[in-house]
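Take a look at the structures below.
Heads up, the next two complexes both have chain A, just with different partners, chain B and then chain C.
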Partner chain A sequence: MEAFWMVLISCVIGTVISSVISCLPGLHIYNVMGAMVLGLLALETGGTMVPPEIFVPMMIGMVVGWAMLNTIPAVLLGAPDESAMFTVLPGQKYLLSGRGYEGTMITAVGGLAGAFFIIFVLGPFAPKYLPVAQEVLKGHMHWILWVIITFILMSEWPKGGNRGPAGWAKFYDAWKTLLAGLATFFLAGLLGFIILTRSPVDHEVAFQNIMPAFVGLFAIPWCLLNMISAADVPKQRVVKGLEVDGDLILRSVWSGGLGGGLAAYLPAVTGGVGGLLAGHATAQRDERIFIMGQGVSKFVYYVGSFMLLFVPGLGLTRGGGAWMMKTLYVPTTYSDYYLALGSIAIASAVAYLMMSPLARMVLWFIDRFNYRHVSTFALVIIIVMVLAVTGWVGMFIAVVSTGIGLLPVLFGSRRLNCLGILLLPMACNMAGFGEVITRWLRLT
Partner chain B sequence: MKGFTHFMSGVAVASFGPWAIDAALAGNPIFFILGGACGILPDTLDFKFYRFFYHHDVYVEPDPANLDPQIVADEIARAVAMAHDENRYINLKLSSVRLGADHWQQYNVTFDNEKKEVVVTFGPVVNTGQVPIPGTEDLTTGVGRAPIKSRVIQTYDAALKVDIFDGPTIGLKPLGNEEGDLDLEFLPWHREWSHSLTMGAFLGLLWMIGAMLWAGLPVLEGLTGWKAILGGLFTHYSVAWQGFITIAACYGIHVIEDQLGHMGSNIFYPFTKNRTPGLQWMHSGDGLPNFLTVWISCILIFWNLHRAIPEPTYHFSLLHLLMVALIIPGLIMGALHWLFTRGTRVDAIVDTTDDEWSASKAG
Partner chain C sequence: MTDSKKVLPGHETQSDDINCPSCGRFVGPASRCPYCKAKIPRRMSLVVFQWAAIFLATVGLFLLYLMARSREVPVVMLGNIQPTMNFGQIRVVGQAATDGRIFRNGGMGFTVSDGTGSMMVFTSQRQAQELEARNMIPKAGDSVNFVGGLNLAEDKSSMRLVSVDDFQLTRAPAATIKLKDITMDLDGSSVEVTGQVMDLVVPAAGSKRPYSLKLKDDSGEVAIKFWQTDYDRIEGKDVLNGAFIRARVTVGSYEGKLDLKLSSGADLEILDGPPSAPAPTPAQKAAATYRQSKPSRARDFSRGRSVAATSLSVSAVTADMDGKTIRVRGRVESITPPQEGTQQPFVLILADNGSRLRVAYWPSVDEVIAIKPTPGALFEVEGAVTVYEDKPQMRVTSGYKVKLVNDMPASQPTVDESKAVPVSSISEADKGQTRVVKGVLGPARSLKSGVAYSLTDDSGTIDLILWNALVPEDVQAPLEEGVRVVATGEVGIYEGQLQIKAAAGRSVMTIR
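And then the complex of A and B:
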């Protein structure tokens, strides 16, 4: 078969698989890619070599499909992964006003705009300018992380202390949420040190060691919250057109591209953090820009970080997908780069076309079943996933992290603080004193 | 300006200190953290600490079970009468009305100086995202009107809209004119002592004293001449004076940036007693100036880091960097924006609500 058809078919297959998987809450595409990598390595050991023209486009298709369509469970089922948490708030607002379909499709437009941004803006300029940025910034990543942590912790404002006379009682009432936020950040950070230093998860699934923690921090509390307090979801309308124009898309790309780009480039900075920073930086107030911008941000974060591996002369590995790819194949040439860009273009088109039917299917599901039952179903899938991949040890980690993840839900503080699980250990390690802390914790 | 803008400006100012980059390359991020933290610190002091201890003379706390705009109007009129009769500064607190876990009653206060009355209207119930709940627009009807003894002059154009989380404070200050007018000061606890260059210098001084105590006494044996001794002192107490400069400068940039807006700051507290009005070039929540400041800060940080590389592989000037990272992309964005919006007339939606106040509630 000609290389062109091999690339096209494997890219489409990867996109379709991930598009369907994206609709299942709790299942991350990196879990599936991990299993695929293990399978390919097993084949290689057995003497069967799968050419990169097959698995490279397929993995790109998987990442693209996930980046575009994971919005469906995030908005419609309320079970977001971390990078979607900013989409969820206004997205759920759309859901509760019967416009869930519109919300997901606006995000999909954002995803497609993100694809254009990657292919036509980042694509031509990345090989020229990213190595320059890398040379300048390479020794400075640790303080950039510390500065981001400082901003996350300092930029949360009190939500209580609204009534009553001035004094300590009012101050304490106001600071309850902030203290809960700080506690969440540092507890998550502590958990991160344990998991990243001495993971109790079986070494055979070591690449999934952070998964149960993420599920516990983000997805399970959300499902529990929905099950306990979910309002009745009104009947959802399927509209034929979206109230978006070129200027709206342009401003979304501006905001989302910045956030997603930051998250893709900086280590340990996820899509959620990138979205927060870009939201603050661009000060956009239009809700549609916010939702679409998060679509752009999520796409640029996942796909952009994967693409960095392919940029000639850069040699940068960011994100779980890229690390998995690196175990199979290390791209070095411009032809690899163009293959990646072409695959992104094909996969984006396929994923966008799949958005509408899959969103309608999930809406039908929500319409037919009680939303609380849907959330319970989502929770069951998540628990089964954790058990299947990481066993009871992973389940224990998920339970512990659920306890931490419930803190912001109960106290009304920022859920972003849960990202202490990555940010704190990474920042300490990169600054060179991570080992001091792990020794102090008796982990090393 | 918004918190993130101040924060990034602080980091950018810190990056101008060669010691900050040297320390960072040695694994010590402290000066950059100090830069960002001090950049946002004036607002932190106000919004997270001071406002909870700020004394109010009159608290308007509408009863959620008996929402009556007339009661609110009467209380505000009473505060105005107090300021007029007692000829003193009166702090009036307009408390928010929480109706449920995620529901808040919105209300608006307007001073009609022509008729010399205060007008209070209840708006819709809003959620914590400040989005009206459909069907609640006319839930609480009626308008509260109460005569006021003095005209209330509003020089700062913040609308007195109360909805989520904390309600605003307004200060009623007798102007001392024959008419007995009162000046309305929005959020009198904000941009007071905390937003002063002197406060930044004071905090820097505290750091310096702490760092000098930490460093202990210097060993100056063998140094002769005042230049050598001075050099020895500077080296021994380097963290102290470098921290002082970083804190004072990064704190100061916040005060300077805020002067570009409307409210202004009390720049040399305690030597000055009142806020110096801002230049009114922008509102603190305007998207473009905030983004430009953040982006230019990033460019300056990048430039300073590049300058610190001893033998760079890539050579470029600041002008080249500005062209590539700011001017050309800006022109392209501007052209695309023009292309997408040409022929359409965009009516500016003027939200006069104070942006920093709103941002503090959204954060």
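And then the complex of A and C:
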């Protein structure tokens, strides 16, 4: 078969697979890609080599499909991954007013705009400017990370303590969410030090050693929350038009592209953090921009970070998907770059076209089945996946992480603080005193 | 619902929770109805879950921390590294294949090899500084033992050093050599030289030139170069001129000329008089001291789980050890599973030099054992000693504590003699392939961390290389000139000569 058809078919298959998987709440595409990598390596061991023309576009399709369609569970099932956390509130507003379909489609338009941004803005300039930017910035990453950490911690505000007589009770009421946020950040950071320095997960599957922690921090608490508190979803309307215009799309691309771009480029910074920074930087107030901007941000974050590996002269590894790809194939040429851009374009189109039917299907599903059962089903899948890949040790990590991940949910602080698991150890390591801390903790 | 339970007028939209289930009156948050005294069931407060989450997070994290701390990092051969191990921490026991090189960013890198593969190891700037301060920058040939974090990619893989404290280095003894014998052929190797300092040329202030030390022995004269940082570390540097010294230098070339570099300031020792017998350098002494304070860890077969006890032979287990937790190694004589429908344990009999030890464990433990014991295989078990009828026996409570050491029965040959090929059939095209050869050993030649023999059969001769890190001592012990052996290993080429690098383990066997 000609390489062109191989690429095209693999890309479409990857997109379709991830589009369907994206509709399941809590299941992350990187976990599925991890399983795929294991399968490819097993084939390789058995003497069957799968050519990169098959698995590279397939993996790109999977990332693109996920970035575009994961909005469906985020808005309609209320179980987003951490990078979609800002979509939740306005998105759920849409859902509760019977406009869940519209909410998902606005985010999808954002994703499509993100694809245009990557292909037509980032694509042509990246090979020329990004290697230079990386050369300039690579020595400054540590303080950039510390500034981001400071911003995350300091931009949370007291949410209570407005009434009642002055005293400890009032003080506690005001500060409990802040304290919970700080506790979450530092507990997650400590967990990060343990896992990144001396992971209890078997070294044979070390490439997934942080997966149980992420599942515990983000996926399981959301599933539990949905199971406990799922509200009655009103009848949803399917519309034929969206209340958006060109100006709105451009402003969304501005805020979302900036947030997603920052998240894609900076190590340990995810879409949620990028969105927070960009939200403050661009100060866009319209709710539709908020939702669409998150669509752009999420797309640029996931797909952009994956694409950085393909940029000639840069080859930056950002995000779990890129790390997994690197174990199988390291792109170096312009041919790889064009392959990536082409696959992104095709996959974006396919994923967008699948958005409407899949959103309708999920709406049909939640109309007929109990919303809580979906979360229970997702939780079972997640637990089976953690057990299958990392065993009981991984499950233990997931349970501990769940305890940490429940803190922001129960205290009403930001779930973003859970990212301390990566931010704190990486910032310390980059600043050169990570080993001092691990030595103090007697981990090294 | 009786009339008494009817919702009061105006309360129709209120939640049932605030009305008494018995009389239907409004009771608010009260836990007992003030009217009919009925107990009001209340929802569990969210605060309970908040504290439960905090408890789970902190206690769980502490347990995880203890688990991580007590976990031994598994030793993995570089040749066995799989892409799925990316980001994993592994222990590497091998040799530095290149000198440690300090990069412009202050970090350091060297290549480590363990006979099954090689990999670049990187350190951070801080780690490089600490290693330099401890005179532990590796040189080619030095034995190293450290924990590294894997960074695997399809094109190039590397490791980053996890901890300087855990980095163990044993300097390879450098051959003492006459100055006239130092030629370009030794390019890249470390040698030890002795002689008298004839002159020390100090670079001018602000100059970027190195120090140059002219050294003379009875065979010739050479210049040794080093930098200010090395000079600062030389003990007694003020009396260097005219002194007799012993130094370890790296042979290199610069613009086609011989270039000798002092390995480290700590590798230069000022002698009391003209040199006699070689003595250990300060670096070797330091390495020896370090070794004594932190002995090398034994290879870990536990897939990362902690094993604290020292391995004993079966005969060493006595009734006096009652209650103690020990680790025993022996060959499996028999394994008896419990009879169906009974509550009996699995009974494993370990044997060693005529001694036998009964080891018992429950079926739940057996389920966890990764590789089940089979008769003839060498196993290591860890458990508590109990005494029954004055005889010691062991009780194992964890499946992770029953580990395979070697699945080859003692009586079975480890090298398949029937697969031996004539030496003459091995060519350069076979490089990297595994071959079995059979022949008579020639005289032993000592290498930095191993030994080389020539192996001759009817068709020709080839070098057989045995690295100490790979081939156990008991395998090497019976080998000497004239002994007939069969060996398996990878075909390699060194300085244009073919060689067989004996594989890890019991890869060489004496035959008649």
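We take it that the second predicted complex is superposed on the first by the 433 of 444 C-alpha atoms of A that agree within 3 Å, B and C clash if a C-alpha of one lies under 4 Å from a C-alpha of the other, contacts with A are read in each partner's own complex, and residues count from 1 in each chain.
As a convention for this text, contacts are C-beta pairs under 8 Å (C-beta built on N, C-alpha and C of every residue); 3 or more make two chains touch, one makes a residue touch a chain.
As the structure is a computational prediction, the values presented were derived from the model and not from experiment.
Trainee: Identify whether chain B and chain C fit side by side or clash on chain A in the overlaid structures.
Mentor: Because the two structures are overlaid on the shared chain, the partners are seen to fit without clashing.
Trainee: Regarding the shared-chain residue A:Leu407, is it in contact with chain B (first), chain C (second), both, or neither?
Mentor: In the superposed model, A:Leu407 contacts chain C only, not chain B.
Trainee: With chain A's C-alpha centre as vertex, what's the angle to chain B and chain C, nearest 10 degrees?
Mentor: 110
Trainee: Could you look at A:Pro158 and tell me whether it touches chain B, chain C, both or neither (first, second, both, neither)?
Mentor: first
Trainee: For A:Gly47, is the partner it touches chain B (first), chain C (second), both, or none of the two (neither)?
Mentor: neither
Trainee: Could you look at A:Gly241 and tell me whether it touches chain B, chain C, both or neither (first, second, both, neither)?
Mentor: The answer is neither, since A:Gly241 touches no partner chain.
Trainee: A:Gly432 contacts which: chain B (first), chain C (second), both, neither?
Mentor: Both partners.
Trainee: Working from the superposed arrangement, determine the closest approach of chain B to chain C, counting only CA atoms, in whole Å.
Mentor: 9
Trainee: Can you pull the chain A residues that chain B and chain C both touch?
Mentor: 432-433
Trainee: Please name which positions on chain A make contact with chain B in the complex.
Mentor: Listed in rising order, the residues of chain A that touch chain B are 89-90, 93, 97, 129, 131-133, 135-137, 139-140, 142-143, 146-147, 150-151, 154-159, 161-167, 170-171, 174-175, 178, 245-247, 250, 254, 277, 280-285, 431-433.
Trainee: Enumerate the contact residues on chain C facing chain A in the complex.
Mentor: So the residues of chain C touching chain A come out as 46, 49-50, 53-58, 60-61, 63-65, 67-69, 71, 73-74, 76, 82-90, 124-127, 147, 150, 152-155, 162-166, 303-304.
Trainee: Can you name the residues of chain B that touch chain A in the complex?
Mentor: Against chain A, the touching part of chain B is residues 2-5, 7-8, 11, 24-25, 27-29, 32-33, 36-37, 40, 44, 47-49, 52-56, 59, 61, 95-96, 98, 127, 129, 131, 134, 165-167, 285-287, 290-291, 294-295, 302, 305-306, 309, 312-314, 316, 324, 333, 336-337, 339-341, 360-361, 363.
Trainee: Which bits of chain A are touching chain C when the two form their complex?
Mentor: By the definition above, chain A touches chain C via 37-38, 41, 183, 187, 190-191, 194, 196-200, 202-210, 323, 326-330, 332, 396-397, 399-400, 402-404, 406-407, 410-411, 429, 432-433, 435, 438-439, 441-444.
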